[in-house]
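Okay, got some structures for you below.
Below, chain A partners chain B and then partners chain C, in two separate complexes.
Up next is the complex of A and B:
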């Protein structure tokens, strides 16, 4: 089932709120279950299972191994575990937001929210260009190995300054070509058109979106009423 | 029409350089995760400042107008927001990039100005550190609920937080200046000839 990008944004804000607010353990568990159900509906049952498993593990560790906090190691360990449990909802929300939403859908939603064109266009370029960039990175490293300039990827970590020269300079140089290509794409696909755009993705909220948004409001209200 | 086209090209350039900048952020995060086992996120801005100077110089050369750095900051902020790992990273990103932009294009000055604005711009990446602070709050709450003494908790955190704060902020300044110095060497060697002059 597809969710509206607006709903996904609401969930991210809600997760951030839960991250910032002090919530009780019970609230945390309910919230994690809620996010997991959203992931299930969104079509990522495996992600939901894995996150639930991680959460249960962290919870189990904090009540068994790190029950008594006395020396330095248990302080560091328990800090990481409690902190990790705390940040898990935002990571789940991010997974929920990124999966199964097309870049065009995000663009459509941002336009509806009156985000300026000067910000939407670079953002779309980042989304569109980032996969290409990681491909380029792999190819550049391959080429460096082929020419014997580095022995392995480890060599780049050992000499970070040389790594800038070898990896970033080719990328920046090739950015010129890519920029002219993408500018043409932007113009031919009409993204630069200043008027009102239409989209093949329907942008109305559906029943499921209303349910999720309403329950988000309940979650925020529940923070003060229950906790 | 021609003016609109050149504006679009500038926006595309900003997008591309933001993507490269973000890739550098990812790489420095990955390297730190591999090399430093815990609390590695406090060093992310510093390492990134050391590596990303060339991109900063290229942006200044390609889009020499007020707004470029701010747009990069906002786009990075939205990207952080949607990818969710650092939800509140939006705020420092916006403030520091705006400040760097104003310093770079709104004031007069020579070469030292670039060092200063780059240092400020690097502080925008302190967003990934902020969650640690909130984790600390969660941790303190947990300790309190387990019946630990407040004095004990303060004792645990006093040394750790102050030292790490000073190290983190200091390393950003040092690495920014060093990174910009290296970046200018590399820029002059490889890119200055292709691009003409840099102001």
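Up next is the complex of A and C:
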């Protein structure tokens, strides 16, 4: 099912609110379940399952192994686990926002919110830039393997400094070309047209969007009323 | 009408174009030809306004469209432009949104957009592409999507930069018909391309650009009458449609020098899709320089990735010199010279790049001399030209001591001179103890380079062409 970009923005705001506010364990669990359901409806069941699993693991560790803080290691472990639990909703919300929303839908929604065009244009190029860089990265890794400079992808993680050295030079040299080629394409496809832009996917809010936005308001209100 | 009058273009004091005078009438097809770096793309970019608006530089002279001076913002949506690199000429993740993009930008309503996409897709017989992800498409399919996107707003002017460079013969024929239709609809089309045979009956004028100058303008009539003469004089690429006519013969080798690569019952597919590669039996040896050809999306790239161990096959065996190798061992024995050579250069000098830090022997130096790299040894690889980068990648492959060397589309975007140089380089290399495999849809290049060409179709090898078997024996696959 498709969500309106506005709904996705509301969820990002909500996740940021939960990140900043101090919420109870029950609130946290309900919120993670809620975000997982959104991912399921959005068509990403694997992502939902993986995030739920990560959360359950973090939760389990924090109530068992790292329940009592007594030495340096338990301080570091506990810090990482609590930090992980804190940031997880934001990551889930970001996944929900990025997946299955087209460039044109974002552009149309941002335009409706009167975001200046000078901000929208670089955003569009940057969003498209990352997949190309990922694609280039894959090819660089292949080339490194053929050259025998790394034996497998794992070597990049084991020797991060060497990895950066090898990957960065071709990445940077390609980035400049990619950026100017992409800019040429967006410009010749008329992105700088001054009038209203539309989206082939429509831009009206559907029933599901209203439900999610209302639920978000309840989450924010619930922080004070119930928690 | 578009007119360029005494147009000069320079960047950082380098004069790129000088005294360009050109008139383009509605319904006319103009072809810009000339060697790589002659300034063809710059002419297109000046007309589109990307120079100087995006690329900068200093443009003087007069450029007029419909007798009015050009304004960049006003007419960006009046031009359909197709660029050379299929990898970076789309902005959306899937074909459907990519086709809609230009219409969305001018604020067209949803119903009209859907209707137009429907018409264009039916016209180009591209229904099966419509819901595909752009990143999953082959170079040729991306190129076709780019052309479809450019036609969505029905602009009066089309600028096509090397549109045929990633297309196979069938797709080039389709491109020819598409350009003819645009011309018949009254649009002006300006094409910069190395391949000219598909444009002979189509173009109203050929403009030869050399070193930033217009060397001559040839009418269709003149080109038809004196094609061979003009092609030699201006070093233009074949003006007749190429056919596979291999000229190279097999190489005699001792058993001790023989390298073989076999695949039996090889199968590969992505996730739950049907088999992308399905090859019953394949036997390659270094008695031949082997070419792999076939339509866009036939599985050529996937096959070479399987043979070099880059991806794991689901079924079957791959034998190297009669021995079954693991995926890692295959990677150890092979080297793939990619289309994007700049992504496989990692060191700060050409010398380090080639030697991997060790000392170069006298024999190595001789090889570098034959590749004309000796003078470049102290240069940074990323500052070299495309052709030089490719020669560095080939030298790296040869000095790595690997036995299987695969080149993926080595002539993409190359002019005739560079293509000939690469072919004679390969002729020089084939005596070495290596198995050379060249993936290319460029039949001209295959003709002058290979002694055996495998034609792929839907993941299978359907035909094997050798010099004695020009029509292609049907492969028992």
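Going forward, the second predicted complex is superposed on the first by the 172 of 227 C-alpha atoms of A that agree within 3 Å, B and C clash if a C-alpha of one lies under 4 Å from a C-alpha of the other, contacts with A are read in each partner's own complex, and residues count from 1 in each chain.
The criterion applied here is as follows: contacts are C-beta pairs under 8 Å (C-beta built on N, C-alpha and C of every residue); 3 or more make two chains touch, one makes a residue touch a chain.
This is a predicted model, so every value here is computed, not measured.
Trainee: Counting only touches as set out at the top, which of chain B and chain C does A:104 meet: first, second, both, neither?
Mentor: Touch status of A:104: second partner only.
Trainee: Check whether A:118 is in contact with chain B, with chain C, with both or with neither, and answer first, second, both or neither.
Mentor: A:118 contacts chain B only, not chain C.
Trainee: Applying the touch criterion given at the start, work out whether A:175 contacts chain B, chain C, both or neither, answering first, second, both or neither.
Mentor: After superposition on chain A, A:175 lies in contact with chain B alone.
Trainee: Mind working out whether A:6 is in touch with chain B, chain C, both or neither, as first, second, both or neither?
Mentor: Touch status of A:6: no partner.
Trainee: Of the two partner chains, chain B (first) and chain C (second), which one does A:47 touch, if any: first, second, both, or neither?
Mentor: In the superposed model, A:47 contacts neither chain B nor chain C.
Trainee: Regarding the shared-chain residue A:183, is it in contact with chain B (first), chain C (second), both, or neither?
Mentor: Both partners.
Trainee: Taking the superposition on A as described, I'd like to know which of chain B and chain C A:202 touches: first, second, both or neither.
Mentor: After superposing on A, A:202 lies in contact with chain C but is clear of chain B.
Trainee: State whether A:193 touches chain B only (first), chain C only (second), both chains, or neither.
Mentor: Touch partner of A:193: chain C, not chain B.
Trainee: Can you give me the overlap between the chain B contact set and the chain C contact set on chain A?
Mentor: Dual-contact residues (chain A): 124, 169, 173, 178, 180, 182-183, 186-187, 192.
Trainee: Would you mind writing out the residues of chain A in touch with chain B in their complex?
Mentor: Touching chain B: residues 12, 15-16, 19-20, 22, 62, 69, 75-76, 78-80, 82-83, 86-87, 90-91, 93-95, 97-98, 106, 118-119, 121-126, 129-130, 133-134, 137, 157, 160-161, 163-165, 168-169, 171-173, 175, 178-180, 182-183, 186-187, 192 of chain A.
Trainee: Okay, in this complex, where on chain C does chain A touch?
Mentor: Checking each residue of chain C against chain A gives 48, 50, 53-55, 73, 76-77, 79, 81, 83, 85, 87-94, 96-97, 100-110, 113-114, 117, 135, 149, 153, 308, 310, 328, 331-332, 334-336, 338, 340, 342-346, 356, 382, 396, 400, 402.
Trainee: So in the complex, which bits of chain B are touching chain A?
Mentor: It is residues 4-5, 8-9, 11-20, 22-24, 31, 34-35, 38, 47, 50-51, 54-55, 58, 67, 71-72, 74-75, 78-79, 81-85, 87-88, 131-132, 134-139, 141-143, 146, 148, 156, 182-183, 186, 189-191, 194 of chain B that touch chain A.
Trainee: Note which residues of chain A are touching chain C in the complex, please.
Mentor: By the definition above, chain A touches chain C via 102-104, 107-108, 124, 128, 131-132, 135-136, 139-140, 142-149, 151-152, 166, 169-170, 173-174, 177-178, 180-202.
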